[in-house]
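Okay, got some structures for you below.
First chain A sits with chain B, and in the next complex the same chain sits with chain C.
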Partner chain A sequence: MTAPALARRVVASAPVVAVVGALALTTLVMLVVGVDPTLAYPALVRGAIFDGNLEYTIAAFVPTLGMALAFALPLRAGEFNLGGDGQLAIGGVTAAALALLVPLPPVVAVVLPLVAGALAGGLVAAIAAPFSTRLRIPAIVSTLLISAPAVSLASYLVRFPLAEPNTGIAQTPTLPDASHLPFMGGSGYVTIGLPLIVVLTGLWLHIDGRTVTGYEIRATGQNREFARYGGVKVDRVAALALAGGGAFAGLAGALIVLGPPYRFVDGALTAPGYTFTAVAAVLLASARPLAIPVAVALLTVLQVGGLGMEREAGVPSQLTQIVQGLIIVIVAVLATVRARRGVRG
Partner chain B sequence: MTDLAAELIGVSKRFGPVLANDGIDLAVARGEVHAVVGENGAGKSTLMSILYGLHRPDAGEIRRDGQRITLRSPADAIRHGLGMVHQRFRLFPDLTVAENIVIGAEPVRRGHLDRAAAHRAVAALSEKYGLRADPSALVRGLPVGVRQRVEILRALYRDAEILILDEPTAVLTPGETDRLFEVLRTVAATGVSILLVTHKLSEVMAVGDRVTVLRQGRVTGRFTTRETNANELVNAMIGRSLTPPAPKRAQPPQENPVLEVRDLTIHDADGVARLSEVSLSVHPGEIVGLAGVAGSGQRELIDSVTGLRGAVPGVFLAGTPVLSGRDPRVAYVPEDRHGRATAPGMSVAENILMGAQRELGSRWSLPRAAVKKRAKDLVERFSISAASVDIPISALSGGNAQKAVLARELTRPSHVVVAEEPTQGVDVGVRERVHALLLAARDEGAAILLQSSELSELRELADRILVLYEGRVVAEFQGDAHETDIGRAMTGATE
Partner chain C sequence: MNIFEWSFLSGVLTATAPVLLAALGGLLCQVAGVFNIALEGQLLWGAFTAVVVSDATGSAWAGVAGAIIATVLFSGLLSGASVRLKADPIVVAVGLNLLALGLTAFLMRQIFGSGGTYSSPDLAGLPTLAELGLDIPVLGPQSPLVPLALLLVVAMAWWLTRTRSGLRLRGAGQHLEAAEAVGLPVAAYRHGVTLAAGALCGLAGAQLSLGNVTLFSEGMSAGRGWIAVVAVMLSSVLPYRLLLACLLFGVAEAFGFRLQGAGLPQQAADAAPYVITLVALVLAAVWRRRSHEHA
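Right, the complex of A and B next:
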């Protein structure tokens, strides 16, 4: 491919069109509601990257990436995991319960809750598998349906059995020191959750592209009948992929709880909308594995920067939600248009 | 030449390193059936896609009734009176025949679809062209041949004056093919021009008025069917003649059967018997042919033999029951290339890998180099023309994709080979090679179950031919039996 042709391909690629289009529309909205974009955008960048805000952004990047993998992994097998919130909450509450109730030696007090959180998240996601493989209720529905009661269950546990006594606040007590995630460098926000999630992402990329398991997952997602014909146990693979995704969500929940402020505050896991941002990022990356961390970084910057924009320029931070929504819409429209055009006899 | 409906002049199209069309001239006269033939990957589908606005040519022009036109999309093509019948039908299964035909150009009354008018229009069209189709039937339940007729009617409803059919007979039974050709003749007689892409030279000779032969993106021959013969066409297509089929062996070896089916009965979800007490056996070094009109139980039988139907009682491979899932002892070439035999979005290498992934890799590793090397070896051995093994298999021409499937399955270590329509969509040269491969596998001791809708293929290859009718084996013939006898048995006629 010649250089100009390559450049044209990149510029016309769905992610670029989506981001540029969404930003253009957002600018238009700003102008309509009377916000000065030349003030708003610098405020956004400052809010995400400068003035010591980079730490917040990285701290938010970790669970968002975890949730992105929670969506992306099952998607490779053709399953939509929209139950991230439930898996996240159950993972978090499991980790908190373990750290609070079981006296554990150092190191184990961090590792075990993380592992348990991942397992619990995986379990919640796996419940959806038989619905899809036996009853033919698509995972996109069953994961979503299971999510709400799972979030409620976590909320109940935090409000009653695990609640901090005599405060009336819906949160657990602070976890014992041994269960606090160590910080990275001199930061007060970025924990070892960052290298952990980076390593796990690398592991997933390896499994996806360079192992039989990854190959069978992708074949199942590309054409289930083909995979079945090839001897792949597609139902098992789909269940495994859902459980794997749920494990990433559960781990993300555990990482949040074991990080500052070291407790499960009811609603604190789901309120920031990690799941939605993660889904937007994966769609923006067109589910290309290597592009996912980049898309997550971009959307996290938008998300965190949005708060700065609200503080400084008085733009409601919901605007960044609108940007994400627009990105999803544009990506979806482009995908449909391409599917219609690109058909071959 | 007299009255030209369409002309392609100097049309070229490049896909990356592949020059799919290289300065092609093609003139289609009004009311003629113009066949386009050529090897796999010669550029036939590309040329048809250009004429239907699906691809834009890099160079050259298209003329309609002498006027130069530009086609940016199929919608443009339809406006210029072009119609295309796709091999994978684009019908809505839950709409009626009439609704499918008028969709996009519906007769409207007070803002709603005027059903009565739609039915009248469809009935009138059916009448005019002798294409029988019940306007109120749901498409879902219709046989393939009728669905294809609906596609043709849809094009004619939009006043197509040029009808493009790319390998329309690949999915049809011989009877349906005959009916299609009657229809094409009738339609052509009304002044509609027909462009017919096919690999079957008997079809060219039967319905074509003129033939254009493509080879490696160029025109290598133009013939009038009345003044040519199949041999001449083959020469123009592949640059040599075909070797006549090898004479039949006298006596197939008699050992214990490798594949044995005993009293197999299968009911569908509604309790209707799809297979009734089917028994058959295939011995090492033997090809058993399976004939029958579509839907006579072939699907159920083959899915039972391959294990895809689960653990079915009564099916034995080398003396032990067939394994549920996909029995690894069976090599299987499915007829549904897009639905089952390939994952169109995956690369050629990854499509060729399927089934061998656990040999080449393990749960925690799958060396890409090994995967690619294997694919490259097979691409070379089976002369599959692919720009690279990393491109998606959907970018291969139809015949080359079929060759990739054959390469994967015929090189699988297996006891039994099950082949459904193994030569669908492949050119005459490749067909000859596929036949040679199957015969060689047989001579090396493979037990082969061959399902084909082409009786000539069965007669050429099979040692014995079993005829399925309504889920029963109703007749068994020697491989050299008369075609008319086999055909009679296929309709259920007993003597």
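Right, the complex of A and C next:
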């Protein structure tokens, strides 16, 4: 392929069109409500990348990538996991409880809460599996319904049994030093959670693309009846995919809690909107697993930059949610428009 | 008569009304074979636009009309993308729910100058039936939209089973090819029900922000649109069963509210409607499975 042809293909590819389209519509929203885009966008870029903010963006990339896998893994098996918030919160509160209540030796004090958080998140997601496979209740509904009480449960635990005494603030005490995730290099934000989640993402990409399990998950997602006919235990595969996704969400929660400020602050896990930023990123990457980390990076920049835009240009950061929502809708529309064009030849 | 019980029943109806109105929209879509999970975003958008228009005009009824118009327009995105352009309705709905959350939070800050919760003396709430001279128990403290919602249940049940157009709509939902073969305009039906669901979600939103309370707060739909989706799943597309499912949610919310008053933590009250809805959904699915096996 020649260079101009390649360039043309990249520019016309669905994700690029979706992002550009969403940003164009968002600019329109800005103009309608009287926000100056020439002030807002530079503030957004500065807020995400310059003035020492890059560190913070990288730190936010970690849980967002974790949540992206939490959504992408079940999606490969055809299950929509929208309950990321509940799995995230339960994973976080489990890790915090373990670190606070059980005296653990160094290293174990980090590893065990992370593993426990992942298990707890996986368990919460797995509740939805039999509903979907045996009772035909769509996972998109059951995961979401389970999520709300799961967030409430975590909130209750943090406010009462695990609360820091005599402060009246809805947070746990600081976790013991042994449970603090070590920092990377000289950073004050980026912990070893980054290489951990990157390695796990690589592991998932390998399983997805190169192993029998990965093939069975994809086959289940593409045509469940056909996969069943081919001898795949589809119900078990779907359950495994949901639990695996939940485990990534639980791990993301544990990584947040074991990182600065080393405690579970009520609402701090769900308020930044990692779950739906991740959903938008995965749909933007549309079925190309390798593109997921790239899409997550892009949307994390938007999300963190949005906060900078609010500080500097006074533009509400919720604008980034508008961008994400538009991206999802445009990606969905492009997918069918292209498919139909392909059929016509 | 025990005032406690009347006020509890009244609380149940108040909690039920917005969910029921949204669920009626979802039911209509289901009848025509459209799986509409954008109810949550539309409910939120309706609640927001109702408050914006009521605040600007000082008239609650203008707010209701504004919410209906604005939410029909919003649902036009869903019908355009998923019916006209045949995009995946689930993915589009996920995007629209997120868009509604972002748009309302963003516009709230731009229009009212701050986030969180907005209430003001300029904001006109819907009158109660008692204020309109109809001081009867249970319904007295409700807005006129509450009896309207109940009437719509009856009207929809009648329309879907007793009229030619209602039967045609059901036919279009049950067997797409057959409906097309006899010349029914299936695509037009699907656009129609999606937009009608938008109007009902607009009403639901207005009831939530101008009837149940007189304020707007970020994310105030708080999962009610999803509960409405579940109610549709529980209803077997029968309007009276839909009413029962929504009442179940209303009882759970009103009961949670009472428990909170009795000293139970707020989190338990928050979780109660979801847990009860989920349990009902599971029980109904188990029951349906059993009856299939016996059949």
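In this text, the second predicted complex is superposed on the first by the 327 of 345 C-alpha atoms of A that agree within 3 Å, B and C clash if a C-alpha of one lies under 4 Å from a C-alpha of the other, contacts with A are read in each partner's own complex, and residues count from 1 in each chain.
Note that contacts are C-beta pairs under 8 Å (C-beta built on N, C-alpha and C of every residue); 3 or more make two chains touch, one makes a residue touch a chain.
Because the structure is predicted, anything quoted here is derived from the model rather than measured.
Following the overlay on chain A, a clash is recorded for the pair chain B and chain C. Contacts of A:Tyr189 after superposition: neither chain B nor chain C is touched. Shared-chain residue A:Gly230: touches chain B; no touch with chain C. By the document's definition of touching, of the two partners only chain C reaches A:Leu153; chain B does not.
In the superposition on chain A, contact is made by A:Val331 with chain C only, not with chain B. Look at A:Arg210: by the touch rule set out above, it reaches chain B but stays clear of chain C.
Once the two structures are overlaid, the count of chain A residues touched is higher for C than for its counterpart among chain B and chain C.
After overlaying the two complexes on the shared chain, residue contacts for A:Ala219 are found with chain B alone; chain C is out of touch. Of the two partner chains placed around the shared chain by superposition, chain C is the only one that A:Ser142 touches, whereas chain B remains out of contact. Across the two superposed structures, the residue set of chain A contacted by chain B and also by chain C is empty. Here chain B touches chain A in the complex through residues 16, 45, 48-49, 54, 73, 86-88, 166, 308, 325-326, 328, 332, 334, 339-346, 350, 353-355, 357-358, 361-368, 394, 398, going by the rule given at the top. Across the interface of their complex, chain B is touched by residues 1, 207, 209-216, 218-219, 222-223, 225-231, 233, 341, 343-345 of chain A. Against chain A, in their complex, chain C makes its touches with residues 37, 77, 81, 85-88, 90-92, 94-103, 105-107, 109-110, 115, 223, 226, 229-230, 233, 265, 267-268, 270-271, 274-275, 277-278, 281-282, 285-286, 289. Against chain C, the residues of chain A that register as touching in their complex are 29, 33-35, 80, 82, 131, 134-137, 140-142, 144-146, 148-149, 152-153, 155-156, 159-160, 276, 279-280, 283, 316, 318-329, 331-333, 335-337, 340.
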